[in-house]
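My structure is below; once you've seen it, I'll send some questions.
As written, the chain order gives the labels A, B, C and D, with residue 1 at the start of each chain.
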Amino acid sequence: MSFFRHGVRPRSGRAEKERGASSQVVRFENVFMRYDGGPVILRDVSFELEPGSFHFLTGGSGAGKSTLLRLMYLGARPVSGNIRLFDRDISGIRRAERPAMRRRVGVVFQDFRLIPHLSALDNVALPLRIAGTREALIREHVPELLAWVGLSGHLDALPATLSGGQQQRIAIARAVIGRPNLLLADEPTGNVDDRIAIRLLYLFEELNKMGTTVLIATHNESLVKRFDHPRLHLEGARLSRVQMPSAAAPARPGNAAARPA
Amino acid sequence: MSFFRHGVRPRSGRAEKERGASSQVVRFENVFMRYDGGPVILRDVSFELEPGSFHFLTGGSGAGKSTLLRLMYLGARPVSGNIRLFDRDISGIRRAERPAMRRRVGVVFQDFRLIPHLSALDNVALPLRIAGTREALIREHVPELLAWVGLSGHLDALPATLSGGQQQRIAIARAVIGRPNLLLADEPTGNVDDRIAIRLLYLFEELNKMGTTVLIATHNESLVKRFDHPRLHLEGARLSRVQMPSAAAPARPGNAAARPA
Amino acid sequence: MWGRNDLALARDPSTRFLPGLLAVLVYLAALAAVGGLTAQGFVSDWDRRLAGSLTIQIPPTLNTGDDASRAASAERRDAVLRLLKVTPGIADARPIPEADSAALLEPWLGPELVRTLPLPLLVDVRLAQSQPLDRESLAERLENAAPGTTLDDHARWLADAQALARSVAVTGLVVIALVSMAAVLAVVFAVRTGLGVHRNEIEVLHLIGAPDRFIARQFQRHTGRLAAVGGVIGSILAIITVIALRWTATDTTAVTGPAGFATLIASIDFGLRDWLAVIALPVAATVISTLTARASVMLSLARLP
Amino acid sequence: MWGRNDLALARDPSTRFLPGLLAVLVYLAALAAVGGLTAQGFVSDWDRRLAGSLTIQIPPTLNTGDDASRAASAERRDAVLRLLKVTPGIADARPIPEADSAALLEPWLGPELVRTLPLPLLVDVRLAQSQPLDRESLAERLENAAPGTTLDDHARWLADAQALARSVAVTGLVVIALVSMAAVLAVVFAVRTGLGVHRNEIEVLHLIGAPDRFIARQFQRHTGRLAAVGGVIGSILAIITVIALRWTATDTTAVTGPAGFATLIASIDFGLRDWLAVIALPVAATVISTLTARASVMLSLARLP
């Protein structure tokens, strides 16, 4: 993936990683969350994600994984508690500043959320176009990334004419194309086979090596076991850190970064 | 699941299974399939599904699993070749007869396809209402089935307010509520954890025991391994039968019913 | 059972606008219809009034000023009036006061001349509706009673009025046709767009085995209901507008005198025909919307395998 | 770079209908505008023509028939004409032939009387646009040249014509206001519904970090373009209709004579003002649609976190 090394973002991912020692990408403090009139989904949740860390997020269906991610990409507001994103209290961010914050976060939505009338290429190019990237760069990098996820033959296809797994890979490409500081992926391998799932996880790891903090919500136990990253587990509206089955300390510095309260 | 035994369909599933010896639920003969201007997706595919059989359908992302299922629920027409459904050549079925044929097939769509402005209950009740079932029976059976898939607390929720896995379970409930003769499930466990996935497969097996022919497209290898059913595999536009890792002959009569050409 | 609540399409926010759009269009069509009917009614009323009247002219004696000729004139007038009273087919005969005929002529002759000129005596005659008048015999008997008396049946004016009535009627029809065409187009567009939002649902219903007529029924009922609501609102607004316009026009007439369109508007009276038009429009809107919805759904369905 | 092709909303089939709807509405508004302008132009033209003319009446001698009085009349007329020729502010003075004045009076006096009555001599005077006329001094000198001569400046007719002009203008304005209001409502509804289809896309763009103005720009451009297309089609159709109506009306006039509305329609001439109105309407439609799209998107966005 030469793309990530010579990519479209001028700033270096590593720089952020290095100065990240004293700061967190995400920090939850006593966060409560519920939807209007519904049950409590997060109860007194506190944790932090340090820069460059890589976590899985697990939990039963309906446990609140998507909701937790939604709070991080400013897609919902907590009922109470503090959330800090890139060292800023999100309740203090003005509306006009929010788009810039959101552009630092890449999101793979569980239901993909592709724009139906845009081709695969245009869907993936969207974050770059929003950021005002030159068209020449877009023409260079987007096809490269799409080739990497195995879609070089489908650059001009509309989402409706692609298979479920192909759509999911476009959603992933769109989330990573802007080399975000934080990547949130919600069930990113639910529609692909294990071979592609492993390839996609390598993509995330590659991005992570460049400094991106990664959080992946997944049900895929075999994937969680195969990739030796720390796991946050949601159950009964509480978040806990699950001990690795392998006692060996994780190799990457980021792996120790999650400290659930 | 008392539901399936005392269910809403007056006719017995077993009766079909017994008289099914000489007939097939699905029979493909030299089927070619491609979308307008696209590559060939199915090349000279021949196989049959006998009544009461239970198969998995595997293959890489974009291999054509969803397309194969689409041909079976009359959602697309093959370029050439013959498809027989319930012993009738589908090219000879008049338009007016197709709805009745389709009601004998339950489909779990890969992208769920729930009606966004209908509650969970109304979405699941849809096939019964189309078939003209009495409202009293609907009020009795739909909540029972939704409880079984773990959604008793969400009867009145709109799809948009449900988690990915919850939506998927509604899609499954809608496919099985009418006790179809043929159940086609496209990646039905991509958004749920293994515990729920196993529970859902038990549901399909229960239905299968009542006589329904089941075909499940899936990427979930651990599920395929755990449930000892024959597997059809799509690769390079061709369908083949995969030998079971366990040499033991399958216990159910239906398991031997797939004979790929 | 699966009757009224249907697909719960009513909960769908995107179709909220259909009643609004239909209200606007039915409103326009209702105004056009009422305007056209009124204009036509006004003209045919005028037509009828003119056709129901005659003016009789008794020529003056040429030497004015002296009392003898005045007396002679008065005598001739009375003879004519007596004759008219007993003629079958005449409802009423009323001499036009001299001041009035003078006013009629003043713009043509100037104030000076009117005062000095010997003016003819004019008698306004209303014909009876029930009985026809024998004009020829009347003219003959008038000539006997007061030689030189003429009978003006407004033939020239009538021809003009009829030509005017024709053009008003044609213009009115053209306007109504245009507005109705626009309304039908807008309804078709609106319904088809509204259904575009439901394309996915139509496909799902089709694929899970709903017969075409089941799907069409859901959407045509829903659309018909929305159209009915919009149509009724539109016609109620139109009625309110017409009543308000009449009030304003009556006031305007009081200020400017009986001139032009204000008079026309002030003369609008809501009759049976207008009520029928105003009731027919929402019904038409509902029927058109229902049929459009049905046709659109059937068209979408025909494209599906 | 991310300029014209935008979100490729143009490929979206559900917004196809907006140009159609806008074409219909601009068409209606253009017809109303042209109709209103024509009616007003017709009346003010009449106004101007009357205001630029005078009629001078030279009273007849009372004893008609004998040649002496005829000669006296002719002499007085010539004296008046000579005087008028040298009066500053008068462009032209033309005696109305006796047959014409008789025809004017015939409907009022009847054919008999007109033939026997001593008629005044009428002189039609056109005023010069460049120079004002001193009416008082003219009246005085006329009285000297031919005693009893009066000067009719159509004051009464003018008042009536002005009242009519007022009501026509008011009616025209009301109609244009109604149609415009309807058009604006329909456009707002249509645009908001069209955007309803894109609710999900707006949300996605928002969540992946597109600033509000970026999202609004996409939709307002797209909508503006559709509206411009529809508006232009509508005004072209309106122009064609007006031209077609004129043709038909000219034919009708030939058949029925110069009566009523047909004459009015036949007199429609496409002037600068009409062209401005016809150009202004699609521009207005585009601006309104663009602003509505912007407001709707901003409203959706305001609801998002």
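One rule holds in what follows: a contact is a pair of C-beta atoms (placed from the backbone, for glycine too) under 8 Å apart; a residue touches a chain by one contact, two chains touch by 3 or more.
Given the structure is predicted, the values throughout are model-derived calculations rather than measurements.
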> Both subunit A and subunit D are touched by which chains?
Replying inline: none
> Which chain lies the greatest distance away from subunit C when centres are computed from Cα atoms alone?
Replying inline: A
> Between subunit B and subunit D, what's the gap in Å when you average each chain's C-alpha atoms?
Replying inline: 70
> Which integer distance in Å separates the CA centroid of subunit A from that of subunit C?
Replying inline: 70
> Could you state the distance in Å from the CA-based centre of subunit A to that of subunit B?
Replying inline: 33
> Taking each chain's centre as its mean C-alpha position, how far apart are subunit B and subunit C in Å?
Replying inline: 66
> Touch graph of the chains shown: is it line, ring, star, complete or other?
Replying inline: ring
> Which pairs of chains touch one another in this structure?
Replying inline: A-B, A-D, B-C, C-D
> Quick one: in the complex, what on subunit A touches subunit D?
Replying inline: 73-77, 96, 99-105, 107, 109, 113, 115-118, 122, 126-127, 129-135, 174
> Which positions of subunit D touch subunit C when the two form their complex?
Replying inline: 13-14, 17, 20-21, 24-25, 27-28, 31, 57, 59, 62, 104-105, 107-113, 116-118, 120, 148, 150, 152, 156-157, 160, 163-164, 166-168, 170-171, 174, 178-179, 182, 185-186, 189-190, 192-194, 196-197, 245, 252, 256-257, 259-262, 265
> Taking the complex as given, what residues does subunit B use to touch subunit A?
Replying inline: 35, 38, 58-62, 65-66, 110-111, 150, 161-166, 169, 186-187, 190-196, 219, 221-222
> What does subunit D use to touch subunit A in their complex?
Replying inline: 1-2, 7-9, 11-12, 200-201, 204-212, 214, 305
